[in-house]
Each structure stands twice: as C-alpha cells, then as structure tokens.
Amino acid sequence: MERPVLSMRQVLLAAAGVAALGIASGQAFAAEPFLVGALNPVSGAGSPYGSGMQKAIAMAADEINADGGACGRQIQVVSEDTQTSPDAAVLAVKKLIDVNKVQVVMGTWSSGVTLAVMPITTAAGLPEMNTSGAPAISTEDKADLVWRFQATNGRFGQAFAKIAKERGFKRPATMAYNNASGLGNTEGFAKAWKEDGGKVVASVVYEPKQASYRSELQQILAANPDVVVMGSYLPDTTIILREWYQSGQNPDLKWIIPGWAANEKLVEALGPDVTQGVIAVDSISNENAPSYAHFAEAYKKATGQPAGSNVYAAMTYDMMVLWGLAMQADCSKLTPEAINGRIRGVDSASGDKVFTFAEGKKALEAGKAINYQGASSQLAFDQYGDVTPDFSLSVVEKGEIVRKSVVTIGK
Amino acid sequence: MGFSLFANLAFNGLITGLVVSLLALSITLVFGIARFPNAAAGDVATVGAFAGLLGPLAGGGTLWIILCGMAAGALLSVAFYFLLFRPLAGKSAVSSLIASIGMAFFVRAALTFFLGHDQRVYPLPIVRAMPVGPLRVQPTDIEIVVAAVLALAAVFSILHLTPIGKRMRAVADNAELARVSGIRANRVLVAMWLIAGLLAGLSGTLLGVKTVVSPEMGWDLLMPAFAATILGTIGNPVGAVLGGVLIGLAQELSTPFVGFTYKLGVGFLVLLVTLLIRPQGLFAKNSLVR
Amino acid sequence: MLSYLLAVAVVALIYSLMTLALNLQFGFTGLINFGVVGFFAIGAYTSALLSQAGLPLELTLPCAALAAGLAAWPVALLSLRLRIEYFAIVMLGYAETIRLVISQEEWLTGGVRGLPGIASLSVGLGIPGDPTLVAFALALACVVGAVLVSRRLVHSPFGRMIQAIRDDEDAVRALGKSPGRFKVAVFVVSCLFVGLSGGLYAHYITYLAPDQFGALLTFYIWVAMILGGAGSVGGALVGSAILLGFIEGSRFLHDLLPGVSAVEMSSVRLGVIGLSMMLLMRFRPQGLLGGKAGCG
Amino acid sequence: MAEASLCVQGIRKHFGGVSVLEDVSFAAPAGGLSGMIGPNGAGKSTLFAIVTGFQAGDGGSVLFKGQDVTALPTVQRVRLGMARTFQVPREFGSLTVRENLMAAAPGQAGEKLRNVFFRPGWIRAEEAAIAAAAEEWLAFLNLERVADAPASSLSGGQRKLLELGRALMVRPAMILLDEPFAGVNPVLVGEISERIRELSAKGIGFLIVEHNLAALSRLVDRLFVLDRGRLLAEGAPAEVLADAAVREAYMGGSA
C-alpha cells in the first residue's frame, strides 16, 4: 500500500500534486470534505481488531467518495487510537473534535472507552457509534446520539442459554474472567437460563493473570456439570482447558466459549484432542446479505485477512455507510444533529432494502425510503439505538472449527 | 471430601508458590548483594520464556526449552549489570529500583515491538495427570518441584561451598569491608547477576511450560515474587522459597472462605501482618544481610 | 486546537497535583511512595460516589482529599516500622489491593463494570461555559493552591526539618527530634493533594473503572517527578508537562512516522518511558532542570 | 569529685558470642571535661552508642542528671540535655550551614504544621530569635564566612565545628563528642580545643571519645581508659598516663 521510502523530491512533487488536486476538486464540488473521526482500539487489549476496524471505516469512506461523495461532499476520515484505555480515549476524542473538527465519532470498542467518550461527544452534539457490550451505554445515552452495532452482553448470554438448551445440557456451570465483559456474558447466561426454569450448578469468577486456575477449576468440576459456559479470553481459556484435560476429571465435559477465546489460536495452542467438542459462540456478520459479500471481498483485498477474522470490522464498515446514507437522505441539512436524526430513517423497516451506499444513494435520489441491510447485521435499531445481530454456533472437530448453525434471538 | 478439597488446594498452592519462589530466589540474591529490589527480574523471566521457544530448534523437549531460557536470562542480566546497574552501584537503592523499573518497561517494549502481543505455547505434548491419593499430579508439577529443589540446592551450595559464594556473602555483609579486604566486588557481582539471570530464565520457562508465553507474564509474576522475597527476608535463599510457598498456600487455602477473586489480596495481607510482627521478615537469622 | 490543548493541560494539571505530592514525600522528605495510584483511586471513588449520593461537588472534592489523607495515615505509621525497600514493595501491594477491593465490592463501586455518568465539573459545580475550560480553571486553581501550600511548607521550620530528615535521620534524632511525627505529617498532607487530584479526575473523565488505576500511573508520576527534579516545587509542574507532552505528542508523531503502526507506537511509548527512567537515573538523577539535588 | 552529671553503671554488651563490653562503670562530672581513650576494638563506639541511646545494652544502666535514662530513646535523652556529635560528621548536606544550626533549635513552634499555616506571625518572630542564636554560635565557631554555603561544601574540620554548633543549639548540659579531632588538621585541632575549653568554662560538660591521645590529654581534666571491653584506669590525665597497665594496653609499652 505505502511506498516504503520517499525521497524529498518525491514528497514535494506529491504534495504539489495533492495541492493541485485539492484546488481542482474544490472547484469541482465547491464543498469541503466532511470530516469523520475513526476512534479505534489500535493498541492495547483491542489491538487484534483495531487496525481492521480502522481500515473498514476507510474502505467505506472510499466507496462513498468513489460514488461522488454523500451530497457531493467527500468523506475524509481522521483516525485515532484509544489505546483501549479510557484516559487516552478521552484525550483522543478531544483531539478529533477540537483539532480535527470531525462531525461524528465512530468505532470505539471496549465499554469503558465508550462510556468515557460518550459524555464528550454528546456535549459537543456529535453522534457516537460503538461496538461495546455494556448495558449502561443504553441507559447513559439520554440524547439518543449513541449507536451500538454489537450485541449487548445480555444478548450474548441469551444466545449461550439458547445453545445450551438446544444441545440438551442440563447441568451448566459458569466461569468468568473478572471484567465487565466476562461477567456480562455469564450473568446474562445465568439470567436467561434461570428464567427458562434451569439451574446453574456452580459459578466462579476468577482474577486474570494467574499462573494456575486449578483451584477455580476444581470447584467447578466438583459440582459435576455437563457443560461450562465461559466468559473468558484466549490466554486464560488456554490454561484452564489444558488444566482440565490434564486433570483427567470429567472427560466428557463440554465447553461453551465466546468466539474471541475459542478460535484457531486456541486449537493451535492445545491441539485437537483437548479442544475436541468445544462449542464456540460468536456474534456473526450478516453473512447471507449481499452487503456482507461485498464487504468481505473488499476487506480481503484491503487487509489480506478473511472478513470472518474480525467481526468488528464489518460493524465499523456499516457505521460509515449508514452515516453516508443518513447524510444523503436530506442534503439541505448536514449538521451532525440533523444527520443523526435521519439514521433510523435509512434503517426503516418499511423502506426498500439496499445493500451498498451506491444502491442507497440511487434509491434516495429517486425519492424512495430505504432500509440499509448491513454487512454486520440487518441493523434495525431498537429504541436504545442497539442492534441485534445473529450468533454462530461452531464446534471444534478434529482440530477444525466447524460452523454448525446460526442462532437468532428475539429482541 | 473436606480433606480432599484442602489437600488439593494446598497442592495447587505449593506448585504456584514454587513458580513464584524461583523468581523470588533471583530477586533475593540481587536484593541481598546489590541491595535493591530488582523490578526487572520479571521481564528477564519473560525474555527467558520467549527464548525457550527456540528450544525445539536446539533439540526439543522441556530440558532444551529450559536451557535456552536460562541462557537468555543470564545474558540479559549480565548485560544490564554492565550497562546500568554497575554505574549506579554507588547511588541509593531507590535509584537502582527506578532504573530497574525502567529496564522492565524497556525490555517488554522491545519484545512487543518486534514480536507482537500474541500468546505462544511450547510444542510439548499434553499429558494426563497421575492420581496420587486425592491429588492429581501432572508431569509439569514434578518438573517444577525438581527445578525448585535443584535451584535452591545450587544457590545454597554456591553461597556456602564455593570461594565465589563466600565472597558473595562477604560483599552482602559489608560491601565496603569486603572491598578493603581485597575482594574484587566486580567479579562477585558478575557472578551474582549471572546466577540471578539463570534463575529468572528458569522461572520464566517453567511458567511458560505451565501456562502460555506472553509479553506480560513476567511482570505479572513480579508482585508475588517481591512479596515472597521480603516475607522470607531479603538475601535469604531458603526464606525466598519458603516465602513463595507460604504465600501460595495462604492464597489457595483461603479461597473457600474469601472467594477466588480476593486471593491476591490475601497474599498481601499475609505479607503485611508478617511485617507488622517481624519487620525484617520471617527468616532474618540466616539472611545474607542484617 | 485550543480546547484540545486545554484538555491535555487538565490531565497534566491533575498529574502535577500528584507529582507535587510525591515531591513533598520523596523529594523533600525521602519517603518512598509506590502506592500513589491507590490514594488517587480512593479520592476518585470517594468524590464520585458522594456526588452520586447527592452531595454537591463543593463538598465531595474536599472529602476526596480527606479520604485519601485518612487512608494515608495508617500507611504512614507503617512506613516508620519498615525499611524503605520493604515499604516500597508493600506500597505497590497496597495500591493493588485497593484496586482489587474496588473491582470486588460491586454494591459500592460498581465493580469491574465501572461507574458511569459521574457529574462533570461544570455541571456539578453549576458553572456555565465550556466544560474543558471550567475543568482547566478549577484544576489550575487547585494546582496553584497546592504549589502555595507546598512552598509555604517547604520554606518553614517544618520544611527545614523534613529536608534534614531526608539528609540524615540519625542526626535529626541526635538533635532530640523524632523524625516519625514529621514523616507522618508530610505523608498525610501530601496524600490530600493526591486525593483531590483523584476527585478532579473522576469529575473530568466522568467514568471510573478499576482498570484506570493500574500501577503504571504510579510510575508515570515518579517519572514526572524525577524529570522535573526531586526537591523542586516548580520542577513537579514542568515534569508533568513534559510527560504529558510526550504521551500525547506520540499521537502526532504517529502521523509523521507512517512506517510505525499504532501497535508499535504503543511499544515505543512504553520503551521511551523505560529508557528515560534508566537514562535519568544513570546520567541526571537530579532531573532535567535541577542544577543540583535538593534545592528548595 | 564534683556532682556526677553522667553516670554509667555496669554496662554489658555482646554481639553473638563476642563480649564487647563487660561491666563498664564510670561517672563524668557536671560541667567537667572528661575524655575516654582506648585502642581500636576496645568498645568505645559501642559504649558511646549505648550512652546516647542509639543502641541498647545487654545490662547495666545509664543515669543522666540523676535520672535513669537506660530505657529512654535518644530523642528524650537529648531533651534532657545530652547532645552528641558523630565520628564521621553527619551534616544536613542540602541545607546551608545557618539552616543546619537553626534546624537544631529545640521546641520550635514552626515545626508544627498548624502553626506554619495559621500563625505565620508567631513563626516569623520565633525564626528571628532562632536566627540570632545561630548567628552567635556561628561567630563563636568562626563559621560566619560560610554561613550561607550548603553544608555539603564544607571541609572536614569545618563539618566538625558545624556539628558542635548544632549540638550547642540544643542548649545541652553535656555534649558527647565522638572523635572530634579525627581527620582534622593540627591548626583546627587547636581551635576546636580552644572552643571546647571556653564552653566548659561556661558550664557545659563534655565527654570526649578520642584516638588522638596528645590532644585529648592536654584538654581534659579527667581521663578514662577502655581496653577490651573493660575500664582499665581513670583519673587525672598525667596520673593515668603514668599507669603501667595503660601504657601496656594502649601504647604497647613503647611510649
């Protein structure tokens, strides 16, 4: 993508070229670019996803620009790193708003970051789009300026419960990494499971970064569960599964693990014997929609990675496309508040289904109502600005992660 | 059932404690002889664990992994002695402590810059445990016990049976006096940092065998290792190992009463109460320093 | 741009309150506090929880300072009993235990899920205007206050005695004065600053979670103090400014160095902090600005 | 003998199996000039530390001005009027010479934080008084020239004077000097001796532990000899020095 070394001369030439282009395009469109802030977890705990999320926003912006922009305005993306830390994110969003003058902020990942950034974007009257799971985000968003493209922790738990039930488990136990997401998943599961009349035989919350989880595991195994539902991450899951297998206890025990922990790396670390039968659950993109096919192809081209390796990238891609469509819906009013108010309009259940920005733009120009079907999910925001994506159920069989079914849960 | 539960908890505590002990052994040597808490020990262990990934190239098997890790630990340790800690020798312990924290950050930054944040595992077969009474003993457990005993025996005999060990104890006792009486402190300190590096590398690779290799693993082990060091009195190798085991036992055995998430706090509480009663730590008698 | 610079400045000011405190403790008295972030957390949660219980910020911020001071008192007594290296490690454990308690006691602190929706400084104090500007003005006022208090303290007979304690505790005893009383007083008073700093932070970020109170922050404050020079009141401010300038500056550096990815940049950030700690200790232990160690 | 100001009775101390002090007793008169000599390893430093409260003895007692101070910490002994200096001077290096002296003034209201912040006027007046007292001693010790220099910049002899000045600020009844002449040039040795004599004339008692026998015997009016943990002899310098046992122990019989 980037040339590694540029001579000074080349830089100057390029700069002159860009300047000339800028003048030319300025004359052609007679409008300055519309500034969008991409605020992603490029470093820190979210780093496996952050770069892909950032690229997906840029990809969507490129598509919009290639189609002549939204309302004739080119989209210009300014990227910042949250470092997956609320403190760094607060300064980053201030920079985006005050220095770069962006009109919308999208792509925050962890709940802590989103909760810290929200008050600032809201105070500036700017919408915020995130992929976080904490329920508090919905209740704190009093101005309806915050949009969530990811399933809440509670919905994850519901999916776990539905899967456990479908698979005929009777005696589930839970193990949670002691953070908001870990607790959210297992407590969401327990709630849904108990509402359905079931009983959780044991539950353990553990502190991360330990040299061993044997005592925690022992308490779970002593209750003789038939399945353990995990709210965990890759390193602790690796250690816990290995210690379980080595102990030789409850060899028929099954595991339901979130997809970010039960992935190829887990299988690679532990081998096919240990991971045989592990059930991986993940929120999945809107895989059968043309928008996903379109996105997946572009993502593969841009990053060299399969779109399936980063579910959050599809979400941030949808953020940008949806925003572009909301702009396009009424070119006379392009203030952030006005565009924010039109988001539900381009996602309306009664509208024509559209799958790309170009399709949507054409339909809008023809005066039709539209319903953008996202690459990450069909969107369909509820009153809190939350989406309900589908979940995938995969099982590890002989070292391969095999997709078994797609799980849809009600709102 | 009650006995079996506590026996298992105690066994888990013993093994976890021994992993901590090995790093504590490295820290206690530096603490006793160079007179500062070496916060970089954990990250030296991490480098050892990463170097252990080269083990399979050299010959495979746990032994080669450990040897590679120990070699890397020793190399890094001695290099930083010459570059950093020797010039700081005359200054206060706080200077060296802060510099060692800086070294820890720097080493970890270099690791993540070049190798990224992903976890790695050693290509070792995963073996089922043997039942011994109520316990389930894994091969890793035996390796850890053997390594800890050997390491402690080695450190103890070096300190008490070899000429260089004798000089180490002399320097630990009184660096000024040792210098006056013709002991070349430099050579003693090189030997000491070498051993400290070997021990850190050993603890890193064993932790890697037991868990996964990641850039933060050593730093996360540092606090318990510090606690074990001062619980057992600085400069006392036996104290460091017993301190580690004691904290491990206290943490695991407390879990039926305080829950799992508070067990790290229990370790701290044990340390605090001990220090309130015995400000010098538990084993002040046989320490290198007074 | 101005508002962003103000935002960075607010954080720098919040940090400099802690740096001033650490400077009183270590720079002037020779006390080693590796648990700064623990007192910071106590201040932050005290003010946030009290304000959510309905108390006005005019009250919660002083309470934040008091709570941290109160928590510092037994710790200070402990410091008299332990040798300094032991105390340093115990303090690391103390701060970590506070973080642990915050993440476990969900009924009080919101646990690992955090405490969202804390009143911002401008809303909480009912001051109209740009929230960042309000925060800046308030933080600046607090720092000016803390500097004045520090200066008055350092240039008093009390300040003379704490510097004497730093230089030689036995000699102080030989003058018939117990170092303990002075150490405890300095420790508690400076932790008031740290608690206040935590309170300001809570109402500036408006969201608290245990993750924000890791040991790294303590080391940042140590770096800031050493950068500015231990034993120099003005140096504490400069040190914090340099530290924040570097941490935030790396954002812009990233725009200039396209070859370095943001992930690598985070490694570079940690590496530079580490390197500067080593180099400062090695070559300029008196700080970048200090002429010689220990000038008031 | 004049009324004893410092009275040491039956002090014992051992480290491990080695006995350092065995039943040492002596009495230093109030306002007098007493000296203590002994070869290296005689136990002088240990005795000094026990008398000043920096170490605890294994037995025996220390009486000061008729009061048993054996169990009292250093700080309280000093408050009763027992000041000391150190063998290797321990000045407050980052403070000026003047500040070193001022820091030593006892019972300062300005050392309480509430006074610092709420009664600045009182502190200012107190500081003026302390500064005047310090000024006097600086002049007496001939340290005026370096009064505002950092103490760390002084020469070895000047540091000894500074420590003496600090001890004087405490307004002591007795000052214990730990090797005041060690590493000091002969001219300054004379000057320090002269100052000590003048102070003694003003009624301040001295107990001087010294290695420099010549300087000491010229200065003191009572001499104690310590050898291998025991008090070997005591009396007027001339008569003690004539003692054969002392000559044997201290000078190997050669002097």
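Order as written gives the chain letters A, B, C and D; numbering starts at 1 within each chain.
Throughout what follows, a residue touches a chain if its C-beta (ideal position, glycine included) is under 8 Å from a C-beta of that chain, and two chains touch if they have at least 3 such contacts.
Predicted model only: the values in this text are computed from it and were never measured.
The chains in contact with chain B as well as with chain C are A.
Chain B and chain D have Cα centroids lying 47 Å from one another.
With centres defined as mean CA coordinates, chain B is found 40 Å away from chain A. Chain A and chain C have Cα centroids lying 35 Å from one another. The mean-CA centres of chain A and chain D are about 75 angstrom from one another, to the nearest whole unit. Multi-chain contact residues of chain C, defined as those touching 2 or more other chains: 100, 103, 263, 266. Multi-chain contact residues, meaning those touching two or more other chains, occur in chain B at positions 117, 261, 264.
Chain-to-chain contact here is organised irregularly, matching neither a line nor a ring nor a star, and falling short of all pairs touching. Shown are all chain pairs that touch, namely A-B, A-C, B-C, C-D. Residues of chain B that touch chain C in their complex: 31, 36-37, 84, 87-88, 91, 93-99, 101-110, 112-113, 116-117, 223, 226-227, 230, 234, 261-262, 264-265, 267-269, 271-272, 275-276, 279-281. Residues of chain C touching chain D in their complex: 149, 152-153, 156-158, 160-161, 163-164, 166-168, 170-171, 173-178, 182, 185, 189, 231, 293-295. Taken in their complex, chain C has these residues touching chain A: 1-4, 7-8, 11, 100, 103, 111-114, 116-117, 120, 131-132, 204-207, 209, 211-212, 248, 251, 254, 258-259, 261-263, 265-266.
Listed in rising order, the residues of chain B touching chain A in the complex are 5, 8-9, 12-13, 15-16, 19-20, 117-119, 121, 126-129, 131, 136, 138, 140, 207, 210-212, 214, 216, 220-221, 252, 255, 259-261, 263-264. Chain contact summary for the complex, chain C toward chain B: residues 26, 32, 78, 81-86, 88-90, 92-94, 96-97, 100-101, 103-104, 219, 222, 226, 263-264, 266-278, 281-282, 285.
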